[in-house]
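Listed next: structures, encoded as structure tokens.
Heads up, the next two complexes both have chain A, just with different partners, chain B and then chain C.
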Partner chain A sequence: MTQTRRDFIKKAAALSAASYVSMNLPIDKINLARADEGVVWHRGSCRLCGVGCRVELGVKDGVPMGLRGVAESRTNFGYVCMKGTYFWKCMRHPDRLTKPLYRAKKSDAFKEISWDKALDIAADQFARAHKAGGGDAVAYYGSGQSLTEETYLFQKIMRGGLQSNNVEGNPRLCMASAAAGYLSSFGADEPIGGYADFEKAHCFFIIGSNTAEAHPVLFRRIMRRKLDNPNTVKVINIDPRISQTSRIADMHLQFMPGTDLALLNAMANVIMEEKLYDAEFVKNYATFRKGEAEQTTLEDFKAQVAKYTPEMAAKVCGGTFKADDIRTIARWFAKSKGTVSLWTMGLNQRKRGVWANNLVHNLHIITGQLVKDGADSLSLTGQPNACGGVREGGGLCHILPGHRPVENEKLRRQVEAAWGVPEGRIPAAPGLHTMAMFSAINEGKIKAIWINCTSPAQSLPNCTLYNKGMDRDDVFIVCTDIFPTLTTQKANLVLPASFHFEKTGVYGCTERRSQLTRKAIDSPGEARAEVWIVREWARRLAEKMNDPVIAQCIKPFEGLTEGYELPKAIWDEYTQKLTAGRDNDLRGATYAVLEKMADGVQWPAPTEEFALTGGTVKKFVKGRDPMATTESRNDLPYQFYGAAHPDRTLWIWLREQADPEEMPDAEYPFYLSTGRIIDHWHTMSMTGRIPELLRANPYAYVEVNPKDADRLGIKPGDMVEIKSRRGVNLLPAKVYAGPVEGMVFVYWHDQHPDRMINKVTKDGIDPGSKEPEFKICAVQVKRASDPKPLEPYIV
Partner chain B sequence: MQRRTFLKLLGTGLTGLSFLPGPAGAKLLQSPVATNRLRPPGAVPEEIFAARCIRCGRCVEVCPYRSIIMLDIRAGIHAGTPLVEVEKIPCYLCMKCVEVCPTGSLERIQQQDTRMGLAVINRFHCVAWLGTILCRTCYDKCPYAEKAIRLDQLRPVIDASACTGCGICTSACPVAAGDDRKAINIEPLYARQKVSG
Partner chain C sequence: MPISGVVIASLPSETNDVLRFLATLSQVEVHGADEKGNIVAVLETESSDEMEKIIDRISRDQNVLHVGLTYLNAEDEAERIIQGEEPARPFGFRKPSGTT
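Up next is the complex of A and B:
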């Protein structure tokens, strides 16, 4: 057979045709200059972490186009992080919930129903549950990401309407210990200073916080301060894991998880021993306490911390650093012209989280590193509105709006009067805290629960146990959310909610700053603002239960439009009636003022004139905090008027080192700790749907110390089994000298059942704050197999 | 058609094609190695790679992450040779492929000595360099963080002496610059080295 010319040409043509197939098609290049045409930029604050960055959302023809920072902002100076830049992509995501979904039984498939029907069903179920078990049988579980108006209205209906204090929220899982710490040490919740101290600080004491990944924009400010003053500014980082934050530290102390209370006491010891404390400040403003709140003396305190010699603490902490290192950092802390402490979950999510908080505050009180510029004891918040909505707005079972403890009858009466509900309507006893609430669901005691804007199915510790309760058919679950989550899978009724910038409301960030975000675009489909949902639901509830008091709760809000008037009326009621005279006095921060003040207002801000100056930068300082003047009792420049301390002093607590609830043993020899990664947010329902962010971290992995990896035969990328007494995960390994030897670290965002680390974590709680100890439990670590290709998993 | 005839035909076809005018001819001889299109670890210079590789596919088979793909007929004379498209699935440097290569096309080298290419940051695309967004995804994902990529005032900087060119940074980079490019790309510098003077 010979090759003809014709054959040759035919075949050549086929081959060249094939080669053309791989040709790249021209891709539309984004013309940056023209992309801005016709875009309207709407001001607001960021939807993600608790930093409270001021951002602008670009909208073109009703469609979000992008997000940018604003250079003159007081919080972020125009910088935004990667997840902040991209969160707008959630808004028009095809997965958005756009119709109410209902199923009678949890085994059924969801059916789309009308809002009318959905609200009827919700009201019906709550009325039925209330009839069966009263206020104890209903519950609300909210979020530090809800707007203040939403949390406030929900808790008003629950307490004033349904007579239930079962009002909780996910800040119990992250901020409760910090709140309890502030209350017990300073007598008032929330930090005294704010971010403005960073630019004046000379020493940063970062403990139990990976600021670089969890609060990247604040980290930039810290880094800037350090780089501009490399010799005069010291950065101390204390963490069992070398994180990205440790990179800028002058000194990093790595301790065994759970031993930091000894370390903090040892620092106090050095400060007392070397007479580095501010005797004048202590004498004027502080008293010493032990046990429940029993008064004691300076000598007692000295004797207490004397036990914690640096040598002893270094040994307790695992011997990874020298006793002299503790002396060095204690001197840096005490002697600097201004020391700012920063912490997050490393201290809060602990069996003794409140104590850990107290011990950090102790260092500030004894050294007088407080109330002056450049010095503060600053707990960083994880969520945009954990402070504003939940801690201030009454979103936890034991507090009413305006930092009012539920048990206090006088304060309860104030709230009842403000709402116009009969006296005694709000139950006197606090409701169930988060873990007790989900235990009650396990036992079937709660018959109807409304879960708003959070996913406890994934975010609770030891979540398998609590998912069982949520799967019960006699527990009716309503979920308001923007995306399907693992929790909406447990719901009977899923209500599509509006996203940030699709509704109006206030977020209050870490530094007592309240910022307004106005509605900029319409919600997709039939999604509605939560405030509208609650009002409509409450009206039906009032009819079905034939209870005029419930109708009274929403009476001031009837007939108002959901986009602006309704949240404004709610905000006005909350601030004008319920924050008056309280330490978070927000009367000056009206919508009109917040619209003028691009960076929001820091409370206390009792008058509009004062709010228009930006509010209180430093609490408790006469001349800077209007309440320090009005509440003044003597001639001293600082007035600690916090309601929790009737003696108006700062309390220095005598606290011992305490072990975590679960320690490694022969069977479970490793510590497990969990945390965040820069590109993801909580349960990933938002960031997991943004391809740019998911690509960077498609799935969780476990960080193993190289020495441990060597011993266990784990190579990078190998699949590793992490098993505790509660659950098991199978994750790829990252061999990395981050976690201290004997500890492994896993990011908690992944939704995949094999990589959801909260199946493994422990649900032990702090007896004071009731916050679970996510950060420490004991696990087995075992190599399971060679590397495997994994796929990201989003519900 | 006999095997012999077929091979003859194929040979003639390919030779003939390379003389065809226009891109079709050049494409069939052109190396597939380009920005973000790399040979697996330990590959000999591109000049001799196609000649040395016997297209056995063992590297493709052994790759646990499916990073290595086998080129098909559209790659012309490079059909059957391995390639890593790093912005899709990067090389995680498990070094399994170099162990199984029977021809030495992939030389047996250590993980840290791998030079698949060099990461290059486009400072006009990188948001950290543009100074508006705090991104350090490449730094976080780099298997040799602090060595191959370090941060200079929160902006990533590459050190050529440690960068393996694995492309994990490219795959993770959240900035898409079009044409399969990111703000950080791997340039196959070493593949272009000449073997013969």
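Up next is the complex of A and C:
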């Protein structure tokens, strides 16, 4: 690069950063144009987490070369995190899968084969499995990282074609409790507000979320709000572990894992006791529920939470803070002009994850900290399209597209009619949820499974047990992915997929926002878009099974080109036919509109005209949410029309403190919790391949509280054995006052067999959401040796 | 030589300390600071690896609350890729077992 070009780029970089904070620099804007010579910037959303940052990918001579934000973006105000900045490096990475690979037996070596042969084999194997055991013998396991068009088409072939509701995805492992929490508290899935509330909030209640590392760009917005209003904005952080997020907190309460239900009930108690609740809001919009959904009374609720005095809760939580601290945060929460709660896996990945979600929603309902600007109960999503594709597009075993429960006959009929398949084609019973699906694989009941864009071999809890099933030679596994993973190592057929910006499609992030990313560059080698792969597979399946209904499922998509026409036709079918009149009405968010709307559209957006305003910022509010008007039943300003609550009220739940499935005991005396670190994502198949990110954190370590380390004779860097009833890890120690005494913490990205923490975690599930309790189990902690040199490991 | 644009956030009371610290880093060019504690800077390094390290180093300063990236240009590396050079692989890399 010449010196002058470098100067242009440096000036462009300075102007870019300055524009974010409205700083005027004495630099001529001509430098921007000169820096952009030969570079085309393609708009899209980031691929690497659920925040949904709007980004622009720079491409020069067909090769991606950089990334930039756009200051006016509504999601990220243009900021991107390190992880996001580097995702484009995956695109031309030498490890990319570029050819279909096949082996008949799992002990054989993979051989490169043609697409024609690969698709024939996939069709043969699914046809054979179906013949042997019908819809029960086949399964699809997808991802919150797949585009909506992909999830939708996969599930259509599975349900309408193969008559199987065995459609699941990794959001079961992270978001299922949040979805069930929203449905049971508000009557409808997904948040009422969104990020726009941050700039109007006066209190942030962050529980079970290390926002600073897991959602860094959102954390910046919270931090900015706090710094700009240091005296009027409060930040409360509730977590067993002190993290980067705690840095801006006015109050951090550390509790023993699994005791937060008592804490949340105690906050409700203070609010009721001190009459800080919004009696008018409760009277107009809420009812009280207990057990399965039996209606009860305000008095009952008061009596229930009265048991949770702050003194009692402080004791249950481990005695690490004072009872008065609970009173203080309950007052901040209730009295602020607007309170936003934020949480992620700390509440969701729990035996009682749905209850934990209910109890946070309770606080918002009783105080009326909802539906107004600056107030919301906002579950942060981990993946870019867990909400859009999986929760909305029909990617779980119990829901059809458009938030339709499978067991509802009328709704099944609507889907069958939209697809033009015979009535009764979609089975009436939900399929197997994730843990049941992999148990059925262990038992050999599922004979063929398609795993798309995810790595359950590493991400399932107690993974050694489920890897045994995936190793079986009578279970045929197809994987579509961009890189080799621990799961592609269990496959018979590995199909190379296109990456983000190499194909076209929609992601729907945390705040009901759908954003389109168009194809900007070609895929390497023979990698293809999943929508093409599924269509070609389904056509062969129809021929081999001699089933015209399967052919009918792909008929609207025949002959369309993979880069744009095909995903567009799939999106059109899904939005126009299957979201019409549903709470996630996306009819207005056509590709044409999404191309115009740089920040996408928030549903409900029933018409193009409304979608062109950006869609619904606040659900349920007349005048702001078009459905609140069309669904209105009275003169009240808020209309809670969610289909899960026929009485159209918000439900305040009576829920008790409940212990995790496994508690520490004399034999396994420590709590183990798991989570993320800023530079890495999930199973590290992408971020572990980016040297800059890998070197920052080359391998997992275990965080040990200094007091525990002292007792156990563990010094920084020592090798430590973490053992549960299920498995063992050997990890270097980080002695650090992060985790509360009595608890150790390990991040879960590492693929090395000695450091893969899901060998240790427990596979107990929430009975409501079926989400596993990754966050809590009991372990032994033992010093094994002095520090040892370690190597990072990526398959 | 990657070049990035960043907004470094600090507490307003600590901004001068952060500026003094940034002045010691040769890869950092400060373009301005405001009363809210925002510092606009350009980072220029020899490699992406060094870019990661310098951002990490700035983030770890006790007075720095957040380093917000807004722009990254790594076209030198991209040009090398066009010319056939493979980007650096992480150490410990190996092909999936069973791949021919």
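Rule of thumb we're sticking to: the second predicted complex is superposed on the first by the 759 of 795 C-alpha atoms of A that agree within 3 Å, B and C clash if a C-alpha of one lies under 4 Å from a C-alpha of the other, contacts with A are read in each partner's own complex, and residues count from 1 in each chain.
Going forward, a residue touches a chain if its C-beta (ideal position, glycine included) is under 8 Å from a C-beta of that chain, and two chains touch if they have at least 3 such contacts.
Remember, predicted model here, so these are calculated numbers, not experimental data.
Participant: I'd like to know which partner A:581 touches here: chain B for first, chain C for second, both or neither.
Facilitator: It touches nothing on chain B or chain C.
Participant: Taking the superposition as given, does A:786 touch the first partner, chain B, the second, chain C, both, or neither?
Facilitator: A:786: touches chain B, not chain C.
Participant: Contact-wise, after the overlay, does A:556 reach chain B, chain C, both or neither (first, second, both, neither)?
Facilitator: In the superposed model, A:556 contacts neither chain B nor chain C.
Participant: Give one of first, second, both or neither to describe whether A:61 is in contact with chain B, with chain C, with both, or with none.
Facilitator: So A:61 only meets chain C here.
Participant: Scan A:706 for contacts with chain B and chain C and give back first, second, both or neither.
Facilitator: In the superposition, A:706 contacts neither chain B nor chain C.
Participant: So, does A:420 touch the first partner chain B, the second partner chain C, both, or neither?
Facilitator: Neither: A:420 stays clear of chain B and chain C.
Participant: Name the chain, either chain B or chain C, that contacts more residues of chain A.
Facilitator: Of chain B and chain C, more residues of chain A lie in contact with C.
Participant: Looking at the overlay, does A:223 come into contact with chain B only (first), chain C only (second), both, or neither?
Facilitator: both
Participant: Which partner chains sit in contact with A:637 here, chain B, chain C, both or neither? Use first/second/both/neither.
Facilitator: Touch partners of A:637: none, neither chain B nor chain C.
Participant: Using the touch definition from the top, say if A:112 reaches chain B (first), chain C (second), both or neither.
Facilitator: Only chain C is touched by A:112; chain B is not.
Participant: Find the residues of chain A that appear in the contact set with chain B and again in the contact set with chain C.
Facilitator: Residues 1, 12, 15-16, 18, 20-21, 27, 68-69, 78-82, 85-86, 216-217, 219-220, 223, 227, 247, 692-693, 695-696, which sit in both footprints.
Participant: In the complex formed with chain C, which residues of chain A make contact?
Facilitator: Residue list for chain A touching chain C: 1, 6, 9-10, 12-18, 20-21, 23, 25, 27, 35, 39, 58, 60-61, 63-69, 71, 78-82, 85-86, 89, 92-95, 101, 103, 108-112, 216-217, 219-220, 223-224, 227-228, 247-248, 484, 488-489, 688-696, 698, 791-795.
Participant: Which of the residues in chain A end up touching chain B in this complex?
Facilitator: Its residues touching chain B are 1, 3, 7-8, 11-12, 15-16, 18-22, 24, 27-30, 68-69, 78-82, 84-86, 213, 216-217, 219-220, 223, 227, 244, 247, 677-679, 692-693, 695-697, 715-717, 786-789.
Participant: Show which residues of chain C lie in contact with chain A when the two form their complex.
Facilitator: Residues of chain C touching chain A: 1, 3-7, 9, 11-12, 29, 31-32, 34, 36-38, 40-42, 44, 48-49, 51-52, 55-56, 65-66, 68-79, 81-82, 86-100.
Participant: Looking at the complex, which residues from chain B come into contact with chain A?
Facilitator: 1-2, 5, 8-9, 12-14, 16-17, 20, 24-25, 27-28, 64-66, 73-76, 92-94, 127, 132-137, 140-141, 143, 146, 151, 153-154, 171-176, 178-179
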